[in-house]
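The same chain A turns up in both complexes below, where it pairs with chain B and then with chain C.
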Partner chain A sequence: MSINIDVSMSIKRELVVPGSFEYLVTIADFIAEVGCEAGFDQDTIFHVQMAVDEACSNVIEHAYCGPSKGDINLCCDCQGGEWVVTIRDKGRPFDPDQVVKPKLDTDLEDIKTGGLGLYFMHQLMDSVEFTFGKDGNKLRMVKREV
Partner chain B sequence: METQTVEYKRCSVVAASGRVDSNTAPAFEEALKKVIDGGQHNVVLQLSGVEFLSSAGLRGMVSGLKACKSGGGNLVLAIPSERVKTVLDLAGLTSLFSVFDDLTAAVGSF
Partner chain C sequence: MDPEIRCFAPQGRLDALTVPEFESELRGHLDRGAARVVVDFRDVTYISSSGLRALLTARRLAKSQGGDVKLCRLSPRVYEIFEMVGFTQVFGVYDSVEIAQTAFS
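== the complex of A and B ==
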């Protein structure tokens, strides 16, 4: 469910969904709704949708080790042409340094697509920060208007 | 996400539409696998109706391409949407696939 937290020259919205792949479309719709309301262009909204889709897929696959193991909490904070997305989960600690890097610039036989989601997140967003604490994983991504 | 497969004399056309994300990528990959495992290694993947493609979908496309090539054929792309082109460019995999802006030309390439 989408909750309007506070609107005072900024847009701040939150969404909590079960950590299951069928909710990825709900998450994409939420991102589109927030981006439109905040006045971001369609390309920016698409970039954030992609990065968030990859991040949430990683949460389900790697933090929760499968669907329906816990919730995903998303918070969007848009202000001054900056869009901050914070994604929280209570799965196992996620260390981005342990993720293998994709091998793309090579012959077909040698291409490795593992880690492509994380690679996309870094390509699409201006900053990507992972932290883990007693409340679980927290991913903070920032997209600035082009 | 929906897929539809049409068999031609020299190739099969798999047309996908909708969102190809972690939720739907297994069905997308299965549609390709079914054609390839059935012995057809010349495949046209029509992507004009794909509005969203995640890394999971892209992995399925690369797997399909590898399977087709190892069987002596090819997997080519027809009419990729702008969103699909963006994702291919982002991954740096555009040059990996033969891309056609016309379905007839894609089918005729086999």
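== the complex of A and C ==
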């Protein structure tokens, strides 16, 4: 369900969905709605959609170790040309430093594709921060209007 | 058309939900000995990293059988994703199915 939390001069929206791949479309639609409402251009919206899709797929696959093990909570906060997406889950701790980075700049014929999702998130967003606490994983990504 | 070249056109989003079916279809062509495959992206609106991994795996399998996987009709959005990870230099990317098929010869 989508909850409207209107703050003067800013847009804040929240979405909670089950951690299942079937909901990736719902998540993409939610990001598009928020981006349009906040006035971001189509390129920015597409980049945020892709970064969030990769992040949520990682949550289901790695934090929850499979579908339907828990919820994904998304929060979008748009203010002053800055779009902050916060994704929370209650899965196992995620340490991005443990993910093997793809070797895209070496031999393209023999690309090691581990960590490709994480690579996209860093390419598409201006900032990507992972934290883990007693409430689970929290990923904070920021996209700034060009 | 060369009968040894298989062509198929996935549709919509290629994300973590739909990639297993896409991968299975790709593998199906290769396992049946058709090592030369053209994937027509005309109706694909999005491809995630899992889709790219599936293509790369299929390409390696095709290459090991003396063939290749070639791609055509990528939308600007999908092309941008391929370009971001250098896949436009790995895969042959063409404007039409016919040109992709010709590129095998």
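We take it that the second predicted complex is superposed on the first by the 140 of 146 C-alpha atoms of A that agree within 3 Å, B and C clash if a C-alpha of one lies under 4 Å from a C-alpha of the other, contacts with A are read in each partner's own complex, and residues count from 1 in each chain.
Assume contacts are C-beta pairs under 8 Å (C-beta built on N, C-alpha and C of every residue); 3 or more make two chains touch, one makes a residue touch a chain.
This is a predicted model, so every value here is computed, not measured.
Of the two partner chains placed by the overlay, chain B and chain C both lie in contact with A:117. After overlaying the two complexes on the shared chain, residue contacts for A:76 are found with neither chain B nor chain C. Shared-chain residue A:50: touches chain B and chain C both.
In the overlay built on the shared chain, the residue A:38 is in contact with neither chain B nor chain C. Contacts of A:25 after superposition on the shared chain: both chain B and chain C are touched. In the superposition on chain A, A:17 makes contact with neither chain B nor chain C. When the two complexes are laid over each other on chain A, chain A has residues 21-22, 24-25, 28, 46, 49-50, 53-54, 57, 60-61, 102, 104-105, 108-109, 111, 113, 116-117, 119-120, 123 in contact with both chain B and chain C. On chain B, the positions that touch chain A within their shared complex are 19, 21-23, 52, 54-56, 58-59, 62, 65-66, 69, 83, 86-87, 90-93, 96. Residue ranges on chain A touching chain C, taken from their complex, read 21-22, 24-25, 28, 46, 49-50, 53-54, 57, 60-61, 102, 104-105, 108-109, 111, 113, 116-117, 119-120, 123. The touching residues of chain C, when paired with chain A in their complex, are 13, 15-17, 46, 48-50, 52-53, 56, 77, 81, 84-86, 89-90. By the touch rule above, chain A contacts chain B in their complex via residues 21-22, 24-25, 28, 46, 49-50, 53-54, 57, 60-61, 102, 104-105, 108-109, 111, 113, 116-117, 119-120, 123-124.
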